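Each of the two complexes below includes chain A, the first together with chain B, the second together with chain C.
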Partner chain A sequence: MMALMRVTFLEGVRSRILYGIFLFALFVVFLSIVFANFFMQDLGKVAFDFNISAITLAGLLISASLSVNLIAKDLDKKTIYFVLSRPISRMQYIFGKYLGLLAVFLFAYLVLTLVSGLALVLLKNLHANYFDSFSWLAYLQAVYFDFIKIMVLNAIIVLFGVITTSSFVNLLFTVSIYIMGQSISDVINFLSLERGQDAVTPAIKGVIAGVKYLVPNFEAFDFKVISAHGQLIGWGDFFLFTGYGVVYALLVLCLAALIFQRRELL
Partner chain B sequence: MKRVLLLLVGIAALAVFHAVLYGQTFERKSGLDEQVRVNYVLPASFTRAAALDFKGVIADFQLLQGIFFIGDKIESQNRITEAEWNYLVRIITAVTRLDPYFFDTYHFATGMLTWGAGRYQDAINILETARQYNPDDYRFPYHIGFIYFYFLHDNQKGAQYLELASRNPDAPPILASLSSRLAYYKGNYQFSIELIQRMLDRERSPEIRSYYQKRLTALENALLLEKAVKQYKEDLQQFPESIDVMLKQNYIDKIPLEPYGGDWIFLKNGRVYSTSKFANASQEK
Partner chain C sequence: MIQVENLYKSAKSKKLLAKRKQILRDVSIHAPAGKIVAIIGQNGAGKSTIIKTILGFICPDSGTVGVQDGISLGYLPENPYYYDYLTLRELLWFSASSFGVKRNDFIEKARAAVEKVGMQAELENRLRAFSKGMNQRAGIAAAIVHDPDLLILDEPMSGLDPVGRRMVFDLMNELRDRGRTILFCSHILSDVERLCDEVYIMHQGRIRRHLTREDLALTQKNVEIIVPYSDKAADLLTEPSYKAKRFANSLSVQADASQLNTLLDHLHNHNIPVEGVQSAAVSLEQVFNQIVTEEDVT
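Let's turn to the complex of A and B:
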């Protein structure tokens, strides 16, 4: 399994797509230096927003380009037979691929955090008086939870990867789940309001009540707004949200492994 | 070789043609947009859901939209209508839903609504919302206190809010002394100068800075005249009747600038005011 993880990681970091995305993220980081000057007081917050958005966007783009092709490519190029002919179970294949992907993301997030960190240091030195609420720890907090989100999202990509052979269909499903996961908490909050009570039929309410347990609550990993103002969450919350992400990702991966066990590869 | 040369000439000609077309389309499109400016703001609940992972940065862009809109109006010296101020308030509401902790939103809104629109109660309401989300930020009660003192002439409430601001551990020590002096220095120019200077020192927005700067010049010149009047009274045991008398007797070198366009008037108690009441002509309308 570790060998498979290593191969996946090497394949990922050698990809030209990854470096294209890095360049794009660098461009967004550069924009933070330009755009921060348009604001009046909370320049630290604006610089934070741009830099964390660059990382988030890069994470999503890598998921949409590298990750969705992961299993599809193996099936397409028939390399999967070569892998599975070795003493490796299908479950190990799924987990090995997934861990390899996480290693690629870990590498990408480390590089991007470092680069965006340099841009923030520069801006902080230029406008020291306007970085009152900025906190490095809060920046790392936002990056960490964005990584947890990516971890969950990639587990979903692996699941759709074993269900469908088309990487495009996988992408469509994953984007749908991502949008649903990002907005589900807003929908639930709206329905709990008085004016939301009559907005939808009881049948739709029933569907939403079921969907909220199926779809990951990505909003739970979005600490960007509060982190931008230097606010940190407690250790209890830290473990709670991390635990939720890890358990959800494991659940989805086990489901993917189960489907993959029974899947006809010919 | 010939073909390459031909291609290069073609590219150069197209580049020039493109530059001309770009300039024309840019101006034409801006003109068309100006004719049918809708000034809509997407409902905050929709923006929040649609912003996905990018709430913070979308809040930044929405606020920029408001800053550019008002900046453009001020620069072109167009009078800002009631509907346009309402548009600004809608932008602010949408941005605060995306990021209720963003100081610039409140700062810009209150700066514009007080100095620009004279909508003091709206500004206080926005600042009160800001206080709910940012109870530890001394700047919000400071600004509310300033509005009560300076615009609404309610020194008691002004002192109350400055005192509230001064209780915050991050608040500069000067706030405590400002709040205690507030009631005593009613209508005192020196005191107002100190308050505005503090705000000007941290201000980066050119629009708000110009408001502060203009008022500061007016107050400093009024203070200069009051000091000269005091000297006159000490020397001649009476107050001067007009500014010309002061000028003739060399108590002042020249008539100080009144940036709001009014004339200086001397009251019998030695105070100096202006016929403009330090208000912009457009604001008075």
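Let's turn to the complex of A and C:
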């Protein structure tokens, strides 16, 4: 499994797409330095949001371009025959590929965090009075939970990767799940309000209740707002949200491995 | 080493509402240890499906596949496509390390493997720069780098130039001499004929003939009789069981070795002199074509 993880990591870091996305993210970080100067207030928070958003966007773009193709390419080009003829079980294949992907994201997040951190240092030195509430720990907290979100999202991509051989269909399903996961808590909050009670039929309410338990709540990993104010969450919440992400990803991967075990590789 | 018994496999037809297509029908194959066994057949005969079933990529509808426990396996897929962002050394390391080869042993094993396929100079080059033939050789190196007990090769000569074919030919012979077992599929029947201890001829999902080395030798026991050309000889030898051909002033007649005495008596009784008798080899290709033609007619 380690051999496969290493190969997947090499695939990621040698991909031109990754460096294209890096350049784009660096451009956005550079923009944050330029645009932050246009704001007369909350300049620190704007810079913070800009930089964290650049990292999030880069994470999503890498998922959409690199991750969705990972298993599809192996199946399409029949490289999978070469891999699975080694003493690598199908479960090890799924986990090896996934861990290799996570290593790519870890590398990407480290580079992007470092670069955006440098941009923030520069802005902080230029406009120190706007960075009173800024905290590096809060900044890392936001990046960390963004990474957890990407971890869950990529487990879903792997699941769809074993169900369909089409990268496009995989992307379509993943984007749908991402949108649902990002907005499900807003929908539930709305339905719990008085004006939301009669907004949908009971049947749809039932579907939404089901979706709530099925799709991951991506909003739960969004700590941008409180982190921008320099606030840290408690250790209890830290472990709760981390555990939620890890357990969800593990369950999805086990389901992917189960489906893949039964799949015929004609 | 490999025992396949009564294998059946069907697959969904690409046409809507059509019946399932039968890919394998009652296939039994035995590859004994230390032998080279080939499966030959037309495209779509089911050769690769047998290999994929042995390797566990697909599940048979019925039948059993047994591979000896505790052996290491090397596999070369048909038209191999590897991770082209890797260098040849990285590909070999991936292959060897997944079989538990340690870093210290790897250097020696990798050197030996690339030497056998003539790619010593390519170790640090990325696979994406390789031609089809080089990719095939890289695949063979990856299949043998950990010195497996059993080698399964799907069209190993495909895409290779004559030098490469010779190299693979010698390599397979060398591996057999070292007691390794090789199961392979090929279209190049002349190589199969010279290399194999056993041959399975497949047609339309069935094993049509199983030939051992002795059988292969027997199929080559046809005889050719040469007589001077005359109208009388031509009339006499037009029987369908004899295959007569005119060459200038002589007539060449091919027949089964068992018919030799009858034919000689026949010629003697009609005062036709015999200029010569020699063995006429029937190639594996002729046997194969005969099986395929017979099947297509029936």
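Rule of thumb we're sticking to: the second predicted complex is superposed on the first by the 266 of 266 C-alpha atoms of A that agree within 3 Å, B and C clash if a C-alpha of one lies under 4 Å from a C-alpha of the other, contacts with A are read in each partner's own complex, and residues count from 1 in each chain.
Just so we're on the same page, contacts are C-beta pairs under 8 Å (C-beta built on N, C-alpha and C of every residue); 3 or more make two chains touch, one makes a residue touch a chain.
Keep in mind that this is a model prediction, so the values were computed, not measured.
Overlay on chain A: chain B and chain C fit together in the combined arrangement. When the two structures are aligned on the shared chain, A:I52 is found in touch with chain B, with no touch to chain C. When both complexes are overlaid on chain A, the residue A:D186 reaches chain B alone and has no touch with chain C. The partner of chain A that touches more of its residues, comparing chain B with chain C, is B.
When both complexes are overlaid on chain A, the residue A:D222 reaches chain B alone and has no touch with chain C. Legend: residue contacts after superposition of the two complexes on their common chain; A:T79 is shown touching chain C, with no touch to chain B.
Rounded to the nearest 10, the angle at the Cα centre of chain A between the centres of chain B and chain C is 150 degrees. In the overlay built on the shared chain, the residue A:D42 is in contact with chain B alone; chain C does not reach it. Looking at the shared chain after the overlay, A:I88 reaches chain C, while chain B stays out of its contact range. Once the two complexes are overlaid on the shared chain, A:L10 sits against chain C while remaining clear of chain B. After superposing the two complexes on chain A, the closest approach between C-alpha atoms of chain B and chain C comes to 33 Å.
Contacts of chain A with chain B, set against its contacts with chain C after fitting on chain A, share not one residue. Residues 11, 52, 55-59, 73, 75, 77, 79-83, 85-86, 90, 93-95, 97-100, 139, 142, 152 of chain C are the ones touching chain A in the complex. Across the interface of their complex, chain C is touched by residues 2-4, 6-7, 10-11, 14-15, 77-79, 81-82, 84-88, 264-266 of chain A.
Across the interface of their complex, chain A is touched by residues 45, 48-50, 52-57, 59-60, 63-64, 67, 98-99, 101-104, 107-108, 202-205, 208 of chain B.
Residues 35, 38-42, 45-46, 48-50, 52-53, 56-57, 60, 129-130, 133, 146, 149, 178-179, 182-183, 186-187, 190, 218, 222, 224-226, 228-229, 231 of chain A touch chain B in their complex.
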